[in-house]
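Shared between the two complexes below is chain A, which has chain B as its partner in the first and chain C in the second.
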Partner chain A sequence: MIVNQNTIKDLASKQMRIDGRALTEYRKPILVETNISWTAEGSARVQVGETVVMAGVKLSLEKPYNDTPDEGGIMINAELTPLSSAEYESGPPGIKAIELSRVTDRGIREAKAIDMKKLCVEPGEKAWFVIIDIVTINDAGNLFDVAGLATLAALKSARFPVVDTETGAIDYKKKTDQPLPLTKEPLPVTVYKINGNLVIDPTVEEEQVYEARLTVATDDKGTISAMQKGGTESLSIDEISMMIDLAQEKATFLRGELDKQLQ
Partner chain B sequence: MTYSKRLDERKNDELRPMDAKAGVIPNADGSAYFRAGKTTAYVAVYGPRELFPKFKQDPKKGLLRCHYAMMPFSGSGERIRPGTSRRAQEISMVMEQALLPVIDLSEFPNSVVDVFVQLPQTDAGTRCAAISAAAIALADAGIPMKDMISSVAVGQVDGTIVADLSYGEESYPAVVSDIPVAMTHNTKQITLLQMDGEISKEDLVKALDAAKSATEKVYDVQMKALKSKFSVENKK
Partner chain C sequence: MSARHKLGGYRKMSELLKKEREIVIPGEILAQGMDFLPGENTYRENDNIYAKALGLVYVSGRVIKITSLSGPYVPMVGDRIIGKVIDITMTGWRIDTGTAYSGLLNVKDATTRFIKKGEDLSKIIAIGDYVIVMITQVTSQRLIDLAMREPGLKKITGGRIMKINSHKVPRIIGKQASMVNLLREKTGCEITVGQNGLVWVRGTPEGELKAEGAIKRIEERSHESGLTESMDAFLGGK
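And then the complex of A and B:
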């Protein structure tokens, strides 16, 4: 796609953008809605500008892995649906969807945001596994941050289903009021470098001209739990340091939006 | 006739609460949201656009392709593995055939109109919700249409003819028939007809007759959605 490549770069060096935002400003509105799917144990729809992503949590009881017999597990899967953009096609997930799901997964997993031991029901025999599916509805840019927000909102809204005490079967139609054992709330923020300037929340057009990007997942204390550098150009340590500062600041902002809207 | 009161206390010809909205996906050429009870469908239409691979192109007219998908967390039981299933492929095919009779793609040779469906939550009647949403989205995309298509299931639960069966009714422990129907608005022609369960021919004809007024109710919701997007008063 031919885009306003040079305009975006020129504007960035003047601290300006095509849509009039400041370089480090998120689009509006930022909307978080939970419990959008009665069939999921937890679910959320998040909108940032025109980007819309849904996330759903399903819980199941499985045999724990051999190396962690007293822990449950998580899995995060992302689908870039052809519904959400003319750029996406039907079929098995491409590298963009794989990267999105793996980066989102690491942000949650490596922060130990879910207490895996508390997911264990019977060591070596039975534990809860948390599967999160991210589905794009409209990709207008910055899927990393929007998917991360949707994932956290869905996890926060999740409630365990009722389990029959005799047969051990899950009744997915009935939920308890017990939430997931969340210990912290990591959120990914992606900082883009466009013409040497740091940019937040890019549109699809802006995503096509960046030199490098860095996704940084941080929890409410600012601890970093996952990072992913992307793009074809290099970053200096100073730049990375500035990007992390910005990511932490913006994660605090997003967390505030999330808390405000989930009350 | 023992099924005298419906499980969710609806009247026999009463549909589940419906909602519809046109133009919900900015990237798409046309789009819609449709809800019937606890079943929700999002549909995006892309096209007419050039069809690849080229050997599939028809130099006389454009092609309509439907792609039906349930989100992995949208089933009432365990997670559904992502990717297409035999069921999804069949529904995609009957969707195409339900919509094609009213769609005129003769002006778009060698092109394709893609209709993508995603369901975040399902109860019953997903193909009907998908078809009703797709018809709104196709109209929203400006695809030439001779008539509107509205879809809803009718059926018989333990001797009683009812409209828009819920999941509880589909699995009611008695003789049940579930008949998803799509109908053209002006000519009352049937473009989708499937059925499972058991029903006599006489009762089937009665049920199909009931589908006329049932699809009419869906039609009203569809047109309201389109009018609220395109009416002059809403354009500022």
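And then the complex of A and C:
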């Protein structure tokens, strides 16, 4: 709605938002629920405000890639389901779904969050592959951060299935208590620029008016593992460093919420 | 002929099966017997009166009617609605009314100003703008004619628009506009409620936020009685 979009821009210049939040405040509640699916090795449902995203982790034994014979691999796929927003259609993934899966993938992969060497069972023959599916249940804005949170929660909750030592067959109905070899816990935080002001956790209406956005994935020590810039306008060097500082601060906040709820 | 026929035939005792203000779903039997008459959102089949919509039962005299709680907005002549301009035609603007049918706002019904032939209509109202308009005619084919030449009818600038269930609009307005006047007074905002469920609020940022929260609360609690009093307490102070 153009009326609301103009109001959002006006309010941003006064350091205000249309829903009364501070510019750098996440919506409430932030809810994390793990092990929601018994068919997946790890799963999570995360809610931030009205946005709801589910993530599932499947593990399978595959032949490693030729260039990395002693490593496993990860694959992340995102689906923006028609039930989550009137904008999404069923069918092959569109540009938004591809960007969502790639940004989430890059945060995990480039941080080397999963020790790929430990996933290898038999070099050149057999290694564990981690397949992560992200499914949106409701898109009320800020899918990047919520999907990142759901993915990390699902990875943390994943347990290897039982493998028959003789036949090598996987019994997906039985789980061991061995978790994934997670070395780091990267979380993406997206900072939006609306009318020159930095905004966190936008609603759908705010996502329609932003000039630029920067997704920054940082691990628990604050090391940046991946970034993604979007939007039509440019960012200055000062703005980027402000965005990175803000993203690191908010990632610490999100990590705190995650740890609190996973206990 | 038996005595029974002379008395007008044997008739079962009529019975009302639902209480006043009870929530019913389509297909539920509301009353048995011929003493009751089907009203709005109900129908008769043989001896029974059935519900046609999800809503609250109201009985006035012999007539049973249902005030529906959900479903799309049905355009009615005289309704003031808030619509979005979706197209500009040779003679006016096409407006999304929030129903399955769009409405037409003719140039002559839109403004008192003289408009020259060939003038750029998008300079007056552009695509994407929101307007407060009145429905002047709805044909049997659901072609909707709109007008904007009365006080209070205008193009919307500033503030915010929110969407609510169109069936809750009467509760937002209240008896003799008591509720909407209460909201205006307590929040200091300009509030226009479109019958199609779009509500426009303009005031200070804090006032707009307060009004938006109050309207959402009314929508949620629309079935409660004594709502105006409880909203007065909710809005409190100020």
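The definition used in the following text is that the second predicted complex is superposed on the first by the 260 of 263 C-alpha atoms of A that agree within 3 Å, B and C clash if a C-alpha of one lies under 4 Å from a C-alpha of the other, contacts with A are read in each partner's own complex, and residues count from 1 in each chain.
Keep this in mind: a contact is a pair of C-beta atoms (placed from the backbone, for glycine too) under 8 Å apart; a residue touches a chain by one contact, two chains touch by 3 or more.
Remember, predicted model here, so these are calculated numbers, not experimental data.
Colleague: For A:18, is the partner it touches chain B (first), chain C (second), both, or none of the two (neither)?
Modeller: Second partner only, chain C.
Colleague: Once the structures are superposed on A, label A:68 by its partner contacts, choosing first (chain B), second (chain C), both or neither.
Modeller: So A:68 meets neither chain B nor chain C here.
Colleague: On chain A, which partner touches more residues: chain B or chain C?
Modeller: Touching more of chain A: B.
Colleague: May I ask you to decide whether A:39 touches chain B, chain C, both, or neither, giving the answer as first, second, both or neither?
Modeller: first
Colleague: Check whether A:195 is in contact with chain B, with chain C, with both or with neither, and answer first, second, both or neither.
Modeller: A:195 contacts neither chain B nor chain C.
Colleague: Looking at the overlay, what does A:6 touch: chain B (first), chain C (second), both, or neither?
Modeller: Once the two structures are laid over each other on A, A:6 reaches chain C alone.
Colleague: Spell out the residues on chain A that touch chain B in their complex, using ranges where they run on.
Modeller: Touch residues, chain A against chain B: 36-41, 43, 45, 50, 52, 54, 56-58, 60, 77, 79, 81-86, 90, 92, 131, 133, 135, 137-140, 172-173.
Colleague: In the complex of these two chains, what residues of chain C are touching chain A?
Modeller: Result: residues 84, 128-130, 156-161, 200, 205, 209 of chain C touch chain A.
Colleague: For a test of understanding, state which residues of chain B touch chain A in their complex under the given definition.
Modeller: Those residues of chain B that touch chain A are 25-28, 38, 42-44, 46, 49, 67, 69, 71-79, 82-84, 114, 116-118, 120-123.
Colleague: Per the contact definition, I'd like the list of chain A residues that touch chain C in the complex.
Modeller: Touch list, chain A to chain C: 1-4, 6-7, 11, 14, 16, 18-20.
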